[in-house]
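Just below sit the structures, each encoded as structure tokens.
In what follows, subunit A forms one complex with subunit B and a second complex with subunit C.
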Partner chain A sequence: MRSLQREPGVLLALLAVIVLVAVFIVYPQVRVILTPGDTYVEFFTGGTWRNSLIHSLEVMALSTTTAVALGFVYAYAMVYTDMHWKPFFRLIGILPLLSPPFVVAASYVILFGPRGVITYGVFGQTISVFGLAGIWGVQTIAFFPFAYQLIADVLSRSDPRMEQAARNLGAGSWGVFRTVTLPLSRPGLGAAILTTAIYVLEDFGNPALIGGTFTVLPTQAYGLISGFGDLPGAAAVSTILLVLALVLYFAKVRLDGPRSFVTVSGRASSMPRPPVPAKVSWACFASCLALAGIITLVYGSLLVSALSVAFPGNPTPTLANFEYIFSGPNGTALQNTLVFGLTAAALSSLLALVAGWLTERGRWRGRRALDLLLIMPAAIPGLFFGIGYALAFNEPWLDWLDRGVLIIISMIFWNIPVGYQAAVSGLRQIDRSMDEAATSLGASSLRGFRDVLVPMLGGSIRVGFVTTFVRAVTTLSVVIFLFTSSSTVATIRIFQLVSDLNWGRATAFTVADIGLSIAALGIVAVLARGRIALGGARA
Partner chain B sequence: MVIKTDRSYDRRTFLKLAGATAAIAACGGAATAPSAAPTASTAASAAATAKPVTGTLSVYSALNESTNNDFFAAFKKAYPGVTINVLPLAAAGELQTRIETEKASPKADIFIGGSSEFHDPLGKEGLLEQYNSPNAKDIDPKFKDANGYWVGWYTGIFGFISNNSRLSEVPGKPATWDDLLDPKWKGKLILPDPVKTGGGYIFMATQIFRFNKDEAKAMDFMKKIHANIAQYVPTSPGALTLIDQGQFVGCPNWAHDILTEKSKNNPIDLNIPTDTGFEVGAISIIKGTKSLDAAKALVDWSLTKEAGDLNVKLSNRGSTRADVAPAPGSPKLSDVKLVNYDRQWATDNKARILKLWQTTVGL
Partner chain C sequence: MPDIHLRLDHVTKKFGETTAVDDVSFDVPRGSFATLLGPSGCGKTTTLRMIAGFYDPDAGDILVSGRRINDLPAHRRGTAMVFQDYALFPHMTVRDNVAYGLRVAGIAKDERERRVNETLEFVGLAKLGDRWPNQLSGGQQQRVAVGRALVLRPEVLLLDEPLSNLDAKLRVQLRWELRSLQQRLGMTFVYVTHDQDEALSLSDWIAVMNAGRVEQAGTPWEIYYHPKTSFLADFVGAVNLVPATVRDARGDDVTVAFGERSLTVRAPAGVALAAGTAVRLCVRPEALGLARHGASNTLPGTVARRAFLGDLMRYWVTVDGREWIVDQPDPGAGSPYDGEVSIEVRPERVHLIAES
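Then we have the complex of A and B:
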């Protein structure tokens, strides 16, 4: 990228991104912290956060380790091996992200609780998912897809020639993995650890529902808001979360160091990857299958209860739950969910890509700050993000602003971190000579970006699109302070039905939400095929 | 400059939104258009009222999903000139926070449902309109705010749900709250989170009043019961589901909701331990409403016998009106042994007591 003064287009793009980030990420959070009240400082000196902080760190260390390990195995299996049933495993790999609040965690309880259908019904055990072990297990499954998506994207773009070269020089398959594959996956691995850790830290639903008497920072923050109406105190908890995210971020920057991870350069490569030993292939298949088994069980039980009168007590089959959810305001809610989710996902992944290019390829001052700000939303509990928007944009002069649009904007910025991380790690793999070739032939760097880099970053765009979409269609906490009766969404309806103890309808709504989301993703994938290389992570 | 970027951005979003909507419609989405606005033309038939009330009300409702529809339909029948937009969210704490964050430009006219503890602070912050409904004159003063910021129109009693098939594992249904301290209850008892739910807090305040506001004794009780509790559930209804399934044996919870669960043939039972507490479900008018007459009409109507009877039928809750009979199987407020519940004290000391509890049990 040449100097900004000589490229007004780039300068304009940069200014636009900075303004958007300032208005839609920074300003709402500042409004939350500046809520009148002196409890902000009081909270830090009070020290009630210490237990929650320790618990949060404990959960983060445990869940991130297992989720990333699992994500790596899954990604490796999908990209490197020729195992069977890949389309099935691809679906399983995004399913845990599609978990509307309350219902999925509750179905773990139905299956694995003290009187769980599996734990007690099948094995006669009274072990319980409640407590630390339960949070750990459920979060591992809930968050491994982030790690899987980010790592698979990077692995699929790594150059097979390096592995072939190592092979030719006499390295065994373990040697190739240890000295070539693993080191080259580091940008993806770093992004996966950072993202997963931050999302685990921010997770409210699982600790709240199966935490037993175990509090973490987000549950404490939620309690401060709903029990005490103490916004500044809750903002103080949010600040602790942000500081933790900051520490993780700098740890990652250090870990990455100034190394180069370029594996995509100007020379064409059509060489196949060296084959993975059959034993490894089968081991990968077995692990993926075991994981898929648990996930199928959880989501299968949702489907069964959606089709029952009252599962597990009264499993008489019925279609009444589905008839209900497509009637009246419920249809509107499902429609809004899809429209909001798709719009937010499209805009968020594009913005993430442009922002990633500006910070990764740019050589301007302060790009680290922008880099950091684009990761921060992952550490902001959804509740704060929503409250921040309610405080910042509920002004009389903004009354013309449609709430649906505001919800979309909040989803774009709350969910930008994964797409942004994917774009940055993708760009770090692509040699600068690629875009320089375009610019030295006279193209502007914007044009080089659009015509050369974007087509190569299809996988990263896909990661951003999919994660933003699935998070947008399953979030409750961001929307709860913003929705109106005409801009209601599926998660709000699910929450209502759960509160009304209508488990059949709540699960039917969840199944419809998940099913329509998968259908929408499928349609988008078909429409986009051929335009951008969506096959990135599919190899 | 900020504004300019903001606007152009929104225009883009709108276009995308329109495009996406069209795409979904083209894909044959099953969704249907929102139902048409209620007809106001039938207002002419309301000959009963001298001057028909008109207006549009935006209502924040913490009532149960199953109550909302029938309840507001009945109101519309009585006041055909009023259009109602309900924002249903069965979480009174969130609605209270919403009203607080929206004070720069209020979006609601009425806040209905939820214990008065959620309405009272809003009144003190000056976010509610004072109104003494003519229909409130016969309501017992303990069910309404002396300043007229809110008025109680329904009641809920705190009871105990137990799973019949697992009762043999414990000493039995608790006759008093102290019975729950038996170590046989360890790991088999759950409680709605006192911080996150109105019910959990009312349970704790009940203990304080049981010991004549001796906070040390009440906290000692809460600490002992903490040892038996397996999970502080983030929503009150969520706890009922866990007992229905038999994951745990018992839980202090709302009597009306327990009755509703029992009517669905779940293997559960309701009993009311002595010295229990109760809630007063409130309705209040948000300050700055542009439809004050319609808002007053809704408050008036909620206090009628007709509305009371309907709500009892829909939700199993009681009424603050003496002439409304309780739901079948439901105890009358006057028939159970209630603790001397000082609602104003419980509301004013809520934050302090919750903090005291958190430090006591180490949460």
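Then we have the complex of A and C:
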């Protein structure tokens, strides 16, 4: 505390962060929770939420189980075996992290829908693929790559030396895995399962596209607002969603600490792991090949659809869809996506960096509380966050505020945990003697931060920036209540075009959106000389 | 009256329930090489960090040149520090590291370059200015760390175990470099170490700390030959501490009894020893002589074991069921002792410590 008084610059920065967090993280959430007010009683006794809640839990249990199971196989294969094609599988595993979350649903409709390539084209059937089974299948494919990234991270953190030691003491490869690797990584695996469950629970795009009458909590909240203008009802439903997400999130934090984002890094293990039997290796290779095949099919069908007049009915190649998305208001949407994403990523990283420094290096009271608030958006469903912003900032006296600015602000704060946690973990790796050296040479702590810590945090800043950008350009649920026609973004246009069953244009937009993410990642990877790193995106 | 440069006045620092530094006071004269010596956890680094401004004392004052600096932020204290791990900025070259403090201070470019060059020359790094820290050896990094702090001509230079990450030979060499630097510049150094050899060989003044308190402060000579407590005697160098009782105290002479033997030695300064007081004889191993059995005025004993240390032979000799350590210089001059021997005790080499 005394050190703060001596450095007014730091105190000012701290106050600024506290005000921003209060206004843009705490206040919107409080608004949502308070909005239903007296109608809570009526709402809960009415019971319209019961079906959605049951559906949400059902879907969460099913999709999480299968996604984690597949993710585990993929991760085990990548970390433990020396199978072929690893670089290819790694690439395939990253692709879904760079996409809007609902691409799987979109390609699922193209492949299995009423006029689907496979169901209608191959089998001549028009079976109903919507509802629970559809969501389950789609979410399994959509989220197993996330589970894979999380589990691979956990498994690769287990120490090869322990495994070598177990082998040295006579355990077989299955024995080592069962008695050493698994027990050591159990908390990490538990956390990975819970994180995947949060992704599934909060998923809005997939159930919205293929849920049909099967509503889950996010789609019910959306339906209440867009169909009935029932803001209190939507707020109440989202609050249920928030409570579930927070329960899962804090259970996860208890297991594994607050690290909640999938990160891919070029970290190479220094010591080889004991080899696994060839049979296991081949089984893993076959499984990965099958899964990679499905992912390839998903993205391939999107690309083919984007390049066709009306796939699958009329597969004549055309560039008309791409001409459409680059023209007029659609071009604006793409441009907005890029501008909003870059601005949000830059400002979010900057704010996160300062906030991370204040909480990690500061010695003032209350920093634990600020830390909690800064990681909290990681647990907040995007839809809840978006409704909060709509409630808090769609006020008449704020009419002068451009909606684009509001979208940028929502992206900044919804993603702040990404950059914040990157900054904090980066700072933890820099010994305090670095700060003290600068201080003892006459630099104020802000000056030392700027001259010494920020240059040393390059890697963490890049992780935060790319991940925030990717999440910003792929989010649908956060912005769906905030856009206007002049401030629309790619994900919104995709959602609208899909609703109009305009698949060619929707998929072209999707391809362009994924292209933006890949380009951002590529540019930063080149700048960082190949050391890529990013965090996972979600709905 | 010496010119007091740094003064700690009843300084206390607590971390939660533990008192890391407990009511510490001392004065460091201007231009002296002062060392805080003690085992790990004794509070020496905490004391140094309070001087640097990284910790705030809970009580007491810290004064530099008579001015209280408690409320001065760390970066305005003019107490540049050399860190144990050097804390060189990895993204700056050697030259930029050394120039950093001057740049922060807003020193003009010409003046800055002149002083950086001068300092690099001074610490023997003139040719390595454009290297990066990770391209330097440990000893070179250590010199950069010292140069980076020296270039600012700080009021007081603080050094936190700056040699502990180096191998033994280099450590000894850099000791002399540091000492000669300090003497050429006439600057006040406050040096923290747990290494007694380092403390003895470098310092003008040593404060030995234990459990947050200064046990004794003084010249290396005083600390080594006239320790006030058994802890001190034992911590600084090898020592024989033999329990004894004061039989008779008259003027400067004290007669003490241990076992069935007695010895008349000089009374320690400033301690009143009445007859019957429990004391310890404190004799350094190298102050004892060893002879074949039977010499007169000696303690008869048996060699229990011995260790060849190169420059000397260390013997553990059992006398009346108690082991004495005796060092004999130049072991190569004769064949080692074995079996029955006699220990030669010169009364003027025996120091008395009152049992507390």
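By definition in this document, the second predicted complex is superposed on the first by the 302 of 539 C-alpha atoms of A that agree within 3 Å, B and C clash if a C-alpha of one lies under 4 Å from a C-alpha of the other, contacts with A are read in each partner's own complex, and residues count from 1 in each chain.
Definition applied: contacts are C-beta pairs under 8 Å (C-beta built on N, C-alpha and C of every residue); 3 or more make two chains touch, one makes a residue touch a chain.
These numbers were taken from a predicted model, which means no experiment stands behind them.
When the two complexes are overlaid on their common chain A, residue A:437 makes contact with subunit C while staying clear of subunit B.
After overlaying the two complexes on the shared chain, residue contacts for A:93 are found with neither subunit B nor subunit C. In the superposition on chain A, contact of A:451 is made with subunit C only, not with subunit B.
With both structures placed on the common chain, the touch criterion links A:419 to neither subunit B nor subunit C. After overlaying the two complexes on the shared chain, residue contacts for A:71 are found with neither subunit B nor subunit C. Across the superposed pair, subunit B and subunit C touch subunit A at no common residue.
Residues 1-2, 5-6, 9-10, 12-14, 16-17, 20-21, 23-24, 27, 29-35, 58, 64-66, 85-91, 93-94, 96-98, 100-102, 104-105, 107, 121, 193-196, 201, 226, 229-232, 234-235, 237-238, 240-242, 244-248, 257, 260-261, 264-267, 350-351, 354-355, 358-359, 361-363 of subunit B are the ones that touch subunit A when the two sit in their complex. On the subunit A side of its complex with subunit B, the touching residues are 16, 19-20, 22-23, 48, 51, 102, 106, 109-110, 113-116, 128, 130, 208-213, 215, 219, 222-223, 225-231, 310, 312-314, 326-329, 331-332, 334-335, 338-339, 342-343, 346-347, 387, 390-391, 394-396, 398-399, 401, 404-405, 408-409, 480-481, 483-486, 492, 495-503, 516, 520, 523. Put simply, subunit C touches subunit A in their complex at residues 52-54, 56, 71, 73-76, 78-81, 83-85, 87-91, 100-101, 104-105, 148-149, 152, 158.
Listed in rising order, the residues of subunit A touching subunit C in the complex are 2-3, 6-7, 431, 433-434, 436-445, 447-448, 451-452, 455-456.
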